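Here chain A shows up in two complexes: once beside chain B, once beside chain C.
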Partner chain A sequence: MSIQVNNISKEFKIFKREAGLKGAVKSFFNRKYEIFHALKSISLDINEGEIIGILGENGAGKTTLIKAMVGLLHPTSGSIFIDGFSPWERKNNFLKTVSIVMGQKNQLWWDIPASESFLLNQKIYQIPEKQFKSTLDEMLDLLDVRDKVNVQVRRLSLGERMKMEIISALLHRPKIVFLDEPTIGLDVTSQSRIREFITKHNEQYGTTFLLTSHYMNDIQALCKRVFIIHKGEGLYDGDFETLVKKINPKRRLQFEFSSNLKSLNVEKLINKPNVSINDQCLTAELPDNEMMDFLNQLFELDTPASFSFEELPVEETMKSFFANPEKFISKL
Partner chain B sequence: MRVLVVRHISLWWSFFTNTLTRDMEFKANFIGSLIVDAVYYGAHYFFFNIIFSYVDTLGIFTSADVRIFLVITFIADTVYMMFFSGNLFNLNKLIVSGDLDFALIKPVNGQFIVSFRYVKSYAIVSLTILGLLLSSLISQNPHDISILNLILFFFSFILGQTIWYSLDFMIGCLTFWFKNFTVGGWLGHELFKFAERPDSIYTGILRKSLFSILPMALISSVPARLLIYGPGWNFLYWQIFVSVIFLLLTRIVWKAGIKKYESASS
Partner chain C sequence: MRVAFSKYFMVMRMTWIQALEYKANTIVGIFAVISGVLIEYILWDRIYETRGVEIINGFSLNQLIVYIFFGIMVGQLKSSWVTSFEMIECIRSGGLNKYLIRPVSFFSYHFSLFIGYNSLFYFSYFAMIILFQLIFPGWAFQTPIQAVAFIIFLSMAVYLSYSIYFLMICCAFWFGEVRTLILAFNLSNRIFTGSIIPLEFFQESILNIIFLTPLPYLVNIPVNIALGNISSLEWPQLFINGLIWVVVMTFLGQILYKIGIRKYEGFGG
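Presenting the complex of A and B:
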């Protein structure tokens, strides 16, 4: 079940006014609007069984894109086809194959146990009894919430609630699942459990997942491919590892000197940017093409007690990217 | 068609059992709701008893007729509360908060979900009591109330509910355009006050409006007339015409509304 997004744009008419009572009175009689371009000519093709990350800052247009794909929002222009269906026609056969989980919204009823909402979804999606039981059993075990299924939703922790939301959304075994920040606010254990679950579900059923998340660990663990939106425009569509390398081609070197530093002439080395020394240990963050020269110079100075390379944390790389995406656009 | 009807009845039953399960979690709220209903209906009944201590008739309605009319109004109100009121009162909130997303994403007609998702289960108790009261008043009424009257009443009552639902639903849908229209819920509630009085007390343009643009007279007055006085075909045909038109309008307004729907940011 492939997804084809062709040049979609979405505009919202936004009411603008000055702050304060005067502004409120003025706008009551003379209302001013401006057009906000939430999506600008976005095109995207997603293959069946892919897990793709949709990345962008707050307000970049990620959720708008997802909502347009699932048929909740009508784009101002452009078209979307999901396995031949136009989402906003909202055909039942289409709606049975998709699902959405929103990390900041609940679709489960707070006052009753999640099991009651699952039963209701069984009726809505017309899930055969046998399939319902086996799918539910499997997911309760994988997400480790079997003992919570009959507890009122409002008494569950945030992590447990999110796991129940995911179960509710996947009970009918949709072919495409839109996950909008599913791990927001969760502890690392719950985040990790949800990531493992998504991976297994994708492998087992070939489900396509579209994921938005501000946690780069989610993206790194789950998505080979990412699509980046910035101010409503598509900036990048491709391999995540390659993107990270393009944004920050540096690696971190840790080099521990065996000789006393006072006897070595390290001044010219530590004057370089991104190089520092702490006790006997030198740390350098350099691109690969400079790294070998630098390492040779270190070896000429001293025999290392130890040395190692490591990739820079993805969170930091993406943070620097989102702080100033324009700076990196030419590299992409 | 038959399959579709069976599916929607089955879905409604699931909504009902689901909400009943929730309502029964809160005993005090459940019992309190029954008391509120009793006080509300009691106050209206008492009000008309006072009026009839001064006059003998209201238009063509005698004291006995008005009692039947009143109980029909209460039943109309209770049935409406049970099926629609909670749903439509929340429509504004659903649209503004973006929670409508969860109704639109389901493989069921979105209008059906937002109209029937919550069932005020406690209304069954009030409905049973009012049903018994109406049976008692019918047996005591001096008019000859036949089986045909009862059948016509039942049919007309459903049409009345359809009209009320359609009007309230369309008012609720205005939120799609006005972004926040909390007053819509109250507007529907206030309009029903015209239905709480027998149509015979209204005259002139107001009377014409209550049978056409704001057809509140068709909600309980016409069913009461058909029950008490027997076949009034003109009333019935008009009621059928208005309910079909209003119901079709809800479909048009809903479809246009969801095109305008902007959801809410995450």
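Presenting the complex of A and C:
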């Protein structure tokens, strides 16, 4: 089951008017429209069993791309094939092999327990009884919501509801799952539980996952490959770790001196940018090629009480990237 | 076919479960019929008394009230404006996504919802009709075949009404907000389908125009069949005419939906 996105573009006609009553009256007689290019010649190939992250700022075109791939939107030009199916033809055999979870839209019936919505999906997707029971049992345990399955959906917490949404979307064991912000607004425990679940599901069934998320921890934990969209254009398609290294090749060093700092000549070290000292501990953020020299200098000065390296938080790295993507484009 | 039926039956089953959570809604529905008939009784009683006549447009006061009793019930059973509002909102705000991504039809799913939500009305109105038959034997359903014909024409009215609403709902793909269209239709619908007064009360020229539309098949014809005002000899022709409207409306609805869905923008994340 492969996904081929060939040069798709999507344009929206957007109605614009001036603010206020005067603007409303004027626009009633003379409406002004603008063409908004949500996607510009996007191409993407995804292999079976991959977990790929679609990244981009708000309004970049991530959700539009997913909607086009799942057949909710007709692209203005280009083509998409999912295992030979054109999504917007919405053939039943295609719909049975894909699923989508949107963090801000729900499929479950609000006033009745999720178990009833699961039964409805069993009928809609014609899931055999045995498979339905075993899949449901397994997912309820993995997501730790067995005791909530017979509680009215509106009485569930946001995290529990999202877990139920995910179960509902995966009951028919789709081969491709689109997850649009699945952890939005969830606490760290629920986020982590959902990530573990996606990983296990992917390993067990070879399901392909396409994921959008503003939480870089989700992306880091789940996606080896990412596709970055910026203002409707594809900016990067490749390994996530490599991308992070390209954006910010630095690592953080924590070096704890064993001797009293007053007796050491650390002045020339702390004058460097990205180096600071707090009590007995020095912190430096440097690229790998400068790190060894710097570390040698530290060892010449003093024997460390302890020292460690750590990667810089991905969240911060990507934040700096999205603040000015053009700056990094040449590096990519 | 069996598979399709089972999934849409499941949708109906869900509405029953949900409806049982909101029992008051059904009680209000029954009260609406009784209070509607009472109000009309008081109004028409005064009209008959003031005019000093026993028959108006071929209806005695009792016949008129029985017509209104059935008219309000049939009108209520085929009215799908609540479902229509939900469907319009789906198109406006992106809620349609959840139907498009599953192997279900938006039209059939919501038709099942509509039938499901109205089911309690069907049962309670059925009980009211039985009660009516026991208290006033011979005022309606003079022969058992009339009851069968009434059920057939009522089913057609329910489906035809939903198909007409669906046509208007599809306009939301182009205009976004079309709830006013539904409200306007609802208003004219109550008058021109014969829900609050028999169509026989209209002038000949207006009546001729009304009979060129599907509106009489929604209330007037099923009610007149129940009350024995239409000879059984006319039923086959009326049935064929009604069926033609059903086919036309369904076809137009599907065409409009297929064109409209290409304009759908699936708003919201």
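As a working rule, the second predicted complex is superposed on the first by the 332 of 332 C-alpha atoms of A that agree within 3 Å, B and C clash if a C-alpha of one lies under 4 Å from a C-alpha of the other, contacts with A are read in each partner's own complex, and residues count from 1 in each chain.
As a working rule, contacts are C-beta pairs under 8 Å (C-beta built on N, C-alpha and C of every residue); 3 or more make two chains touch, one makes a residue touch a chain.
What you see is a predicted model; the values in this text were computed from it and never measured.
Student: Evaluate whether chain B and chain C can sit on chain A together after superposition, giving fit or clash.
Tutor: In the superposition, chain B runs into chain C.
Student: Check the residue A:16 against both partner chains and state whether it touches chain B (first), chain C (second), both, or neither.
Tutor: Touch status of A:16: no partner.
Student: According to the stated criteria, A:95 is in contact with first (chain B), second (chain C), both, or neither; which is it?
Tutor: In the superposition, A:95 touches chain B and chain C alike.
Student: I'd like to know which partner A:155 touches here: chain B for first, chain C for second, both or neither.
Tutor: neither
Student: Can A:125 be said to touch chain B (first), chain C (second), both, or neither?
Tutor: Once the two structures are laid over each other on A, A:125 reaches both partners.
Student: Which partner does A:59 reach: the first (chain B), the second (chain C), both, or neither?
Tutor: After superposing on A, A:59 lies in contact with chain B but is clear of chain C.
Student: Quick check on the output: what are the common chain A residues between the chain B footprint and the chain C footprint?
Tutor: Touching chain B in the first complex and chain C in the second, residues 12, 63, 67, 70-74, 90, 92, 95-96, 98-100, 102-105, 107, 109, 111-112, 116-117, 119-120, 123-125, 180-181 of chain A appear in both lists.
Student: With touch defined as at the start, can you tell me which chain B residues reach chain A in the complex?
Tutor: So the residues of chain B touching chain A come out as 10-11, 14-15, 18, 21-22, 25-26, 98-99, 101-102, 104-108, 110, 179, 259, 261-263, 265-266.
Student: Which residues of chain A touch chain C in the complex?
Tutor: By the definition above, chain A touches chain C via 12, 63, 67, 70-74, 90, 92, 95-96, 98-100, 102-107, 109, 111-112, 116-117, 119-121, 123-126, 180-181.
Student: Considering the complex alone, what residue numbers of chain C touch chain A?
Tutor: Those in contact with chain A are residues 3, 6-7, 10-11, 14, 17-18, 21-22, 94-95, 97-98, 100-104, 262, 264-266, 268-269.
Student: Name, in rising order, each residue of chain A that touches chain B in their complex.
Tutor: Residues 12, 15, 59, 63-64, 67, 70-74, 88, 90, 92-93, 95-96, 98-100, 102-105, 107, 109, 111-112, 116-117, 119-120, 123-125, 152, 180-181.
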